[in-house]
Amino acid sequence: MDYLLLLPVFLPSLAGLYMLAASFWGHVTAGSLEKQQEEGKRKRIHLLTAVVLVCSAILALCAAWSGDRSVTLFYLMKDIPVYFHVDGVGRLFVTFVSIVWVAVGFYSFVYMEHEGEEERFFGLYLLVYGILVALDFAGNLVTMYLFYELMTLASMPMVLHNGSKEAIMAALKYLFYSMCGAYLGLFGIFFLYQHCTTLTFTAGGTLNAALAAGNRGILLAAVCAMLIGFGAKAGMFPLHAWLPTAHPVAPSPASAVLSGIIVKSGVLAMIRVVYYIVGPDFLRGTWVQTVWMSLSLLTVFMGSLLAFREPVFKKRLAYSTVSQISYILFGLSLLTAGGVEGALLHTVYHAFIKSALFLTAGAFIFQYGKTRVEELGGIGKQMPKTLLSYTFAALALIGIPPASGFISKWCLAQGALGADVGMFRWLGPVVLLISALLTAGYLLPVTMKGFFPGKDAAAESSVRKERLGMWLPLAVLAGLSLLLGVFPNSLISYVSRIAGTLM
Amino acid sequence: MNFANLFNNYGEAVAMILFGIGFSNLLLQKNLIKKIIGLNIMDTAMYLFLALKGYVAGRKAPIVTNGVQSVEAYINPIPSGLVLTGIVVSVSVSALMLALTIRLYRRYHTLDLDEISTRLKKEGL
Amino acid sequence: MAFVQNLPFISIILSLFSGPLSSILGGKKAKWVNAGVITVIGGMSALVLSYVVSTGEEYVYRMGHFPAPWGNEIRVGVLEAVMALFFCIIMLLCILGGIRERENEIEDTKQNLYYIMVDLLLCSLLALIYTNDLFTAYVFVEINTISACGLIMIRQNGRTLEAATRYMIMSLLGSGLLMLGICFLYDLTGHLLMSNIKEQVALLRTSGGYHIPLLVSVVLMSVGLAIKSALFPFHSWLPDAYGYSTVSSAAILSSLVSKGYIFLLVKIFYRVIGFDMVRDSKVINVLFVFGIVGMIMGSVSAIRESSIRRMIAYSSVAQIGYIYMGFGLGTTEGMVASLYHVISHAATKALLFVAASGLTDTAADSTDFKDLTGAGYRNKLAGVAFTVGALSMVGIPMFSGFISKLLFAQASVGVDSMKRMLPTLIALAISTILNAVYFMKTVIRLYTPVRRVKRDGIVFTQVKMKENRAKSFALVCFIALNLFLGLFSEPIVMLIRNGLEMFA
Amino acid sequence: MSTYLLVIVVLLPMLAGALIPIIPFKTRTQMMIYIEGAVLLNSVLVISMLLMPPEGTLVLFRFTGNLSISFRLDGLGTVFAAVVSLLWPLATLYSFEYMKHEGHEKVFFMFYVITFGVTLGIALAEDILTMYFFYEMLTLVTLPLIMHTLSKEAIMASRTYLYYSLGGAAFAFIGMIFILTYGTTSVFVPGGVLDAARLGDKTNLILLIYVLCFCGFSVKAAMWPFSSWLPKAGVAPTPVTALLHAVAVVKAGAFTIMRVTYYSFGTDLLRGTWAQYTVMALVIFTIVYGCSRALKETHIKRRLAWSTVSNLSYILFGVTLMTPLGLVGALSHLVFHAVMKICSFFCAGAVIYKTGRNYVHELDGFGRKMPVVFVVFTVSGFALMGVPGLCGFISKWNLAKAAVASHNPLAYAGVAALLISALLTAIYMMTISVRAFFPGRDFDYGKLRGVEDPNWMMLLPLILFVIAMFAFGLHPQPVIAALESVAALMG
């Protein structure tokens, strides 16, 4: 019972709320500021954000890596507390979330100046961070659901940041898809509450065997509903459609964290449900597993195919997210240690890679306002650092050894082959391979066109200086995705330990 | 069924038939006057019926002339009394009806009740 | 024998002779005589009631002390006394409620005739209530008819004449059938006094002889009286008669005349034929069916009406339906409910008619709904009274209508045959809804204010309570009566029960 | 505490209300003080009575034999009475401000205050006749409130309301008769009063009657197909729509259904019969139907009214589960929905009062101009959606818990319906908020000059409601425990 866990949750949330309120009242009182006042305000905002962000990130890491802490906040219902607990998975998630969040945060100090409404944006940014930390620390299903919903509501305004009609429509679409998913999840939660000894996360599941035996059918249905529901956040078919709509309109940092981090919360939810509440043994070999595997594979294939055909850069990345997340889901759906290992690895890697990619896209837009792939010819001349780090990230995602993506995919394939899942043993790896090829097909052209536009391309006249604040975080993320590929052992061992506990 | 009964008390039979005639007239005739006649036929049928009930073959009317004789000598007087009362009633009723009829005729120059009501509808009174 | 026992006879004679008396008086005097007579008779009936209740048994009053088979008898029980009392009260109030209209609508030379008619009507009603002799009953039925007809046609216009004629024809048909039935009974039993006939009928039942003729006579009499009391298919005359005659006539007719016939029917069922015999005969099924159909159809046609008076008239068709449905249930409970409804409906319906007249005063006697918009503000008391009546009709608790609804429903649940229970309950519910539809619609209209003060020539006028004291008084009394029936129904129900026991 | 308080709290408001048009008030303020004083006093009396519950019953009046108007305070009544008497003073405060622009207030407040007493009468009724009596009264005293504006539309609406309610009462009446005839007593007893011996082979009949009775009472609770009066009644002034058509009247319908189901017919008789399935199916359909109608509706108050329709059916759904848990769920939603919905209605009312705008598409950009109102509105929207941390989630949780625990396939469908309707709720509430806060990049706020938050009389209730929503949402234990103790009697 110690409150260190709560600090990284409440510090950013309160700061964020404060900033939101401030911006809101600013609008209500409708005071227009002078230019330099404007500047001063921005400075203050950035300073506050940076301080709070770094502090809370450090706090979060401390809280995470100093033993299995747990705290019960208060009782939502008689037998259901709001309960935080740090365990392996949570630790892992908190770590990469914090890193990415800080990096993207610094990136957006520069980026957001042309988007405006910075106070609101950073307020939300901090708020969502706090919620995410809480989500990763959540110690039981209801707590997790609570913060899951809050995350949806808080991240929604990030999507409609620029306030254009299509942005608003996209935001609503995002909201409703997530809500739909969340409610499907809730549907399951109701049933699990009846048939589980407790909703507190315990490795291997807490299903009450006696009760469950009676209503196996309805339980399976409920779990299936939950998978599909939480799959909405993770962009799994059939509820994936919000991703390609929401990401392009959102400001690039927002889309970076959306598809780098927030989609991962769907993954987290699935892990929690399957491995900590229901227990893999209950699902192994049932129709639910089959459905889950086939859905994820379908999504993998479909996503990369759509990405391949997509001309708008950020949309393309969004589709790629759709397919990449489903790698993870496929890994989870194998219900074997190997599968989980691969999945977790890919979760981490994809977080870094995908945010890096989106930041690149953001950079292009920020500097030259280029959104479509075919406009990017010769971009390498103007922004070499950016494009270089992009390339590394892309290679990592495709999975060229020794870059990180290779390792995770290798694990996934191995897991698939190792698992006893009928035809999916070979179907899985095949699909992964094809999609890897497609990935190469839709990521590399940018690099090539960028560096070697060919002579007929009109050389871009004005070469603007790349902003340090932008390419540095980008480079850091890309670098991380490389390094973790080159020296993966500590991570692998850690992940496999987690996976071991789950089986 | 055996018609013997019918022929034995032919009086009652006739009375019933008359009653039917009267009733149907009162009900179905358009013309008010005919209705009233029907009414009277109906009443008369009733009196006939009552009188028959009272009459015992071969006895005298219950009017005391030369000295009272035993009760067997006379017919039952009560029905006759009833008939008398009935006649009074029906007379008054028919009088009232006729009065009404005159009133209506003065107003609408017709004896057809339905036509009168259609006219009333037209007046919308 | 106590002096009180003479009072019923005296009251009949009194009302009978006050008629001719008023024929030689002027309108004003006749009015007072009439009012006085009714009051006195009411007092007498009250005394009789208290006497009968105290002794706890009914008594027979022989005219001129002739013994049973020959003499003519009056038989007084609790129920008779109760009915007499209520009829007097309501009649008095109706007379009071309609004074002004009468004086406007009837030419002055005929004023006193009106009171003659009322006196005769009262006399015949009392006779119907008290008499123990079928033929006397028949005679007074006719007198009743004639005087009622007089009440209708005394206001001279085409409608009333036509209505009176139709009414005459219908009730003549009815009384013809009644007469025939009586003759049959006389033929079978050789008696005219109810009690003696009953003994004979009992013998016949045990011997099983003459079953069909007996049945026929029952059917004839009930159908005859049903026709006279405007049961559903025979109601064609009713809306015009009630809708266009002068107010107090309408009130009296709707609340008393038909009730007199109904009461006679009850007497025939109980004291002449014996109720179980009636129950075994299928006649009550017929009454039941017609009653239910009447409940619905009456309300439906009421909804379609555009004139408030005619609407109320149609609603009383529906109410008569209730009563016959109660008979049709074939249980004592049902009978109690019906008799209670006879009383409560008499009170309510009279109230409605008088209140309606009060409302129409504000719009130059136009009975069209359009002219009554906002009338509730123009004549406050009448508005309130009408609302009370409407609520009672819909069966809102604490008004009399609710109690009778309650009694009907309980009676129907008491019946063990599904075939009667469900139809009754459903019919009750539906007719409640229909009542709500047309009465509440009217009430809402009454309280919808209008901006303008005149509509195609009709000027809306304010009416103060003081302007028409008699009517205000009558209305207040009616409201009080209605609330009384609604709140303290217990004693009355008890009286009715005792009365029925005395009957059987 | 003496049982006389039971009848005092019922009669006091009636008397006070009846006096309003008679007393010659010098100023409007005097009237306001008088009314608020009366209402507050009564609420205080009620609350104090609930804290020190009087034992035994008080017979006010006897109709005939066993039929009487009598009051007693029991668990269920406590809940309803508490809700009503906590909300009434606030609503009154709000309506002072609102009614300024509606005219002839005296009549309005007269019936408004009288309704308070009548509603309490329903809550405190000891036997079914008393409840029926006040149920009818409620119909009549709320009628003038609906036709208050006296526009053609209002008249039509009030007619519809009247026909529906009285018709419903007519069928409820049948149920009452059966309880009186086949019950051991007419008093409400947890677990029902039907006398098995007297029932004999009539079980099916009783079930039929139950269904009729349920439908009858559910008219006030606006169950499909009897729901259409509620949106129509939205023409009434907002305090009426908010308090009566989100709380008092409609909840009275739900409350009476609880009474007849759990206290008169008895759940043991009904559970698992065709009757239960019939009513439950109706209710489940209504849950979805109401929401979808709300989605189609663009008039704010009507949209909220439709949402009320569906939310009321949440309560009824809990009732039709016919388990103690179900009753807990129903009661919790009865309490919480009261807060949420009255809050959202008051927001809508504030908008109408300040700007006279009635339609959703007219609200672009209001978020900045009426910040408090729309923040509150959004919060109440979240609550209705069942976002955890707000009270809506708690009641939804309890309902679903009960439904799953009842192991009744139809109930599972009910859970699904709950969630579908939650999603629809999200759509129709969020679209409003998003419009209000994000009118689009090139929105000209100049169009909204003069739009601003209303004064404290309107804001105070809103703030209190928001606090309540969070309080119930984060720490519902006391309330839920109380409700469980009520339901525990059912066994």
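Chains: A, B, C and D, in written order; residue numbering restarts at 1 for each.
One rule holds in what follows: a residue touches a chain if its C-beta (ideal position, glycine included) is under 8 Å from a C-beta of that chain, and two chains touch if they have at least 3 such contacts.
These figures come from a predicted structure and were not determined experimentally.
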Set of chains adjacent to subunit B and to subunit C: none
Per-chain Cα centre nearest the global Cα centre, belonging to chain: D
Subunit A-subunit D separation of Cα centroids, rounded to whole Å: 43
Inter-chain centre distance, subunit A versus subunit C - centres from mean C-alpha coordinates, in Å: 85
Centroid distance [mean C-alpha coordinates] between subunit B and subunit A, Å: 105
Whole-Å gap between the CA centroids of subunit B and subunit D: 69
Contacting chain pairs - touch in the sense defined above: A-D, B-C, C-D
Footprint of subunit C on subunit D - complex, ascending: 61-65, 67, 129, 132-133, 136-137, 140, 143-144, 147, 150, 155, 158-159, 162-163, 166-167, 169-171, 173-174, 177-178, 180-182, 205, 212
Residues of subunit B touching subunit C in the complex: 19, 22-23, 26-27, 32, 35, 39, 42-43, 46, 49-50, 53, 78-79, 82, 85-86, 89, 92-93, 96-97, 100-101, 103-104, 107-108, 113, 116-117, 119-120, 123, 125
List of subunit C residues in touch with subunit B within their complex: 70, 135, 138-139, 142, 145-146, 149, 153, 157-159, 161-162, 164-166, 168-169, 172-173, 176, 179-180, 183, 186-187, 192, 244
Sites on subunit D touched by subunit A in the complex: 368-369, 371, 382, 385-389, 394, 397, 400-401, 403-405, 407, 412, 415-416, 419-420, 422-423, 426-427, 430-431, 434, 438, 440-441, 445, 474-477, 480-481
Footprint of subunit D on subunit A - complex, ascending: 24-25, 27-28, 30, 74-78, 142, 145-146, 149-150, 153, 157, 160, 162-165, 168, 171-172, 175-176, 179-180, 183-184, 186-187, 190-191, 193-194, 215, 218
